[in-house]
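So that you can tell them apart, the chains are marked A, B and C in the order they are listed, and the count of residues begins at 1 in each.
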Amino acid sequence: MSSVLKKPNDRIDETLFTLAEYDARAAELGGYSNYSYWRSTWQVFLKNRVAFALLIIILVLLFFTVIQPYLPNQKLPNEIYLDPATKMQLRNHPPDAEYWFGTNSIGQDLWARIWSGTRTSLYIGVVVGFLTALIGIIVGAIWGYVRKLEHLFTEIYNIFDNIPTTVILVLLTYIMRPSLSTLIFAMCITGWLTVARQIRNLIVIIRDQEYNLASRCLGTSTARVITKNLLPYLVSVIMLRIALAIPIAIGMEVFLTYIGLGLPVDIPSLGNLINEGRLVMMSPSLRYQLFFPAIVLSVITISFYVMGNAFGDAADPRNHV
Amino acid sequence: MEAPVSILSVKDLVIRFNLRGKTLTAIREASMELYKGESLAIVGESGSGKSVFTKAFMGLLDKNGWIDSGSILYKGKDLARYKTEKDWLKIRGKEIAMVFQDPMTSLNPLKTVGKQVQEAIELHQGLKGEAAKHAVVSILTDVGISEPEKRYNQYPFEFSGGMRQRVVIAIAIACRPEVLICDEPTTALDVTIQAQILQLLKSLQEKYNLTIIYITHDLGVVAHVADRVAVMYAGDIVEIGTSEDIFFDPQHPYTWALLSSLPQLGEKGEPLYTIYGTPPNLFKEIKGDAFAPRNPKALKIDFVHRPPYFDVSETHKAKTWLLDPRAPKVERPKSIEAIRAKWEVV
Amino acid sequence: MLKYSLKRILQSALTLFIVVTVVFLLMRLMPEEGYFGVGSDKLDHVQKENILRSYGLRDPMHIQLKNFYIRLLRGDMGTSIIYRPKVPVSVILKGKVYYSLYLGLASIGVSLVFGIGLGILMSQYKGKLWDKLGTVYIVVINAVPAAVYYLFIQLYTTEWFKLPILFDVDKPVSWILPIVSMSLGSMAGYAMWMRRYMVDELNKDYIRLARAKGLKNSAVMVRHVMRNAFVPMAQYLPTSILLTIAGSLYIEYLYSIPGMGGLLIDAIQRQDNPLVQALVLIYSAVSIIGLFMGDLLMALCDPRIKLEHQGGSR
């Protein structure tokens, strides 16, 4: 509280009643701003401690998935292990020091299978996420920017949007016979539409935003408009898409495996593993075969989902202080 | 002429907000009197705190804001002490009503206009059903809406901006308030409509014996409607007086700067006057007079001690050290001396 | 309103036509084994060709398309080969439609009621316990694939609550798990929408005006906020129909409910092409109709669309 004088006429230095020097710069001090988009995004993201913790978990997980095969004492995912004593297949062996997650019904090491499966699922998710983002951005950008094509594209979109993606997914996989590339292809076909729409909405909003008009009036080159005004939005959209594509891709893969259209058994995937676990889940002693893949899957999907959304929120300038 | 009766008396009000962990002091010991039947205008730049100030009279502050100290005396009660919704329901509408700035967003887009006005009537006039509907139609006529029966069933998007504002005014009047607060009622409207709305408010004021507070940054509006004017800067009312006092005899350097900015006072061929700098950062505590850094004619004491109110006349006072007997004589800018002569133009 | 409905009907019809044609064309690419039935390895090349020709699969494409539509309009969706040989698809479906319909409608109803309720609860206690719990629920349901949590629900609730694992027509209580499981996904969607909407609306000017009128907080919430919230809810309805269809494929299989979803899975696993084809068509049609109804519902609730026909896209 600046001093409120009790008795205005007492105790004021008479010399204060003279003109002060005018400092023009001091007049400007109220309005200083050192805003930087990416720094604010990062700061807001950090404030969300849960998301940050999950980011750490994901990074650790990713790192581990990649280096796991090179660690000492790791088993091969497809090799069937034999009980040294009986020379029989080591079926349904519960977790112990040798086989950390136990073995499945034909004697394969679950630990190795799970990490291999995680690699496959992550691979699918990243590829699908990236490709759908790419296609979606190209289509969406044209859709949003080229006004002449806008009406046509919107009508096409409305038609495609009505088609149930799950059914198409099922159909495509049925026709093309399940394989890694089929899966990726089918997911891309059904996934790019949403991205295109999001990008197009963004572009329409941004294109007509007055700050872009203002930039152009000032003579800013198109390239600079794109990089400074549009790109930050796009980058955050792309990252969000990839982050969310992973749980979605895993989900679709599990679903397809479930109805018999999943990956062949010699390619371990989280979907396969869950399915194998499902077959034995009724007997409590064998439930570990369901738990371990389910837990790993849940951790991955939840982490990516939360982190992706948290990043999307942080990238929204309205949430910047 | 009877002595004016004060119905609302604000003393040293302090309002603070919590913004993401930091505290902003939006209103800094502002004081004001409101007299029955008058039109008081509160003028100031964007961000000076005009809206926040009046929202506090109705308990409509955002959730992250609170009244820190000071009093708002209305009919013997201190509104600054009101905490519960029950308390505020006695004031809102019934005693004090508000007209918002943007008629586009003030109305519920999914309800008919008639229903929205009727809501206010049913709440405050105790009418229901057919009787209430009649009252709606009659009040729509009052505010100048033609074919009110037809309009009753229409949605806000079928109205133009000016018409929507009339509806909002109708809703406010339907509450039969003592005090009507108009927060920039014409800012979002065309110039041609502005005059109509102001005229409407004036006639409603006579008909319903209202006391009106106009919040505006448009001095032209002030000149047309206001009996008294309060000048606000950085959360404080720095000068208050009758229209004549403020326009013809301003005392605070900020008021001078504000008036100098009137485009009508510009000389042909000369650049228009602008106030250099920006308003102060309200997150930080302000030492002395808030306007001092932007005031070329500031005294040293302006940076040290905050000026109290000095009386210029019975009706007029200002918070500036220039009115202290020990202060040197500082000339008002020549341009605003010319206001009296150019009065018709303003 | 009428004009808008007609426009949407035409759009939907067009979509349906395109989808059906596309599906038809894709179907021509289906593995040919699906047409030969059991004992296909015992047939020689000539016999296989004869069979394919009898299905009209060797005719030129446009003739096939024409015949296809003619048959469709007559209600003939082909004959099953493997699942129930020589039985027309329409007969097979008749018995199953009821189960899927009941399951679907019931779960949509449940998810609407509980989802909206949860959303309102979460917005009222924003930041507090209910909101946090609700958020955890929504996150888990959205992130973890339905396949996984369906399994766990089946596994554990049957133990804890002694509910039947498989569906049995004679035991009404065996409906509970399938309906609840299926509604979880949509419920999360509704809750999220509702909560976000209510929080967003609370900051709008017209709500402030309603308060300034002197309206009680509870009246503001019900009469203005909630009533307005239902409009975008209608927008979400079609998505939840799609989700329900997807879920039904799973749930029916998991709980052995003799509905169309389980049928599709069976048909796929046994490679019964005509059956797969017919089911895909039906599901597409249902989705398109569902979407159309959702748009119609939204138009009914929002007078702006009715009168200005701004077709808001989902």
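Just so it is clear, contacts are C-beta pairs under 8 Å (C-beta built on N, C-alpha and C of every residue); 3 or more make two chains touch, one makes a residue touch a chain.
Predicted, not measured: the structure shown is a model, and the values here were computed from it.
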>> Taking each chain's centre as the mean of its CA atoms, which one is most distant from chain B?
In response: C
> Taking every chain's C-alpha mean, which one sits closest to the mean of all protein C-alpha atoms?
Replying inline: A
>> Using mean CA coordinates as chain centres, what's the gap between chain B and chain C in Å?
In response: 55
> At what distance in angstrom does the C-alpha mean of chain C lie from that of chain A?
Replying inline: 25
>> Between chain A and chain B, what distance separates the C-alpha centroids? Give it in angstrom.
In response: 49
>> Can you tell me which positions in chain B touch chain C when the two form their complex?
In response: 58, 60, 85, 89, 92-94, 97-98, 100, 102, 105-111, 119-120, 123-124, 155, 157-158, 168, 171-172, 175
> How about chain A: which of its residues touch chain C in the complex?
Replying inline: 154, 157-159, 161-167, 170-172, 174-175, 177, 197, 247, 250-252, 254-255, 258-261, 271, 274, 278, 281, 290, 294, 297-298, 301-302, 304-306
> Which part of chain B faces chain A closely enough to touch in the complex?
Replying inline: 19-20, 29, 276-281, 285-288, 292-306, 308, 321, 324, 326-328, 330
> Within the complex, which stretch of chain C touches chain B?
Replying inline: 204-206, 208-217, 223-224, 227-228, 231, 301-304, 307-308
> Which residues of chain C touch chain A in their complex?
Replying inline: 11-12, 14-15, 18-19, 23, 26-27, 29-31, 139-140, 142-148, 151-152, 155, 242, 245-246, 249-250, 253, 264-265, 268-269, 276, 280, 283-284, 287-288, 291, 313-314
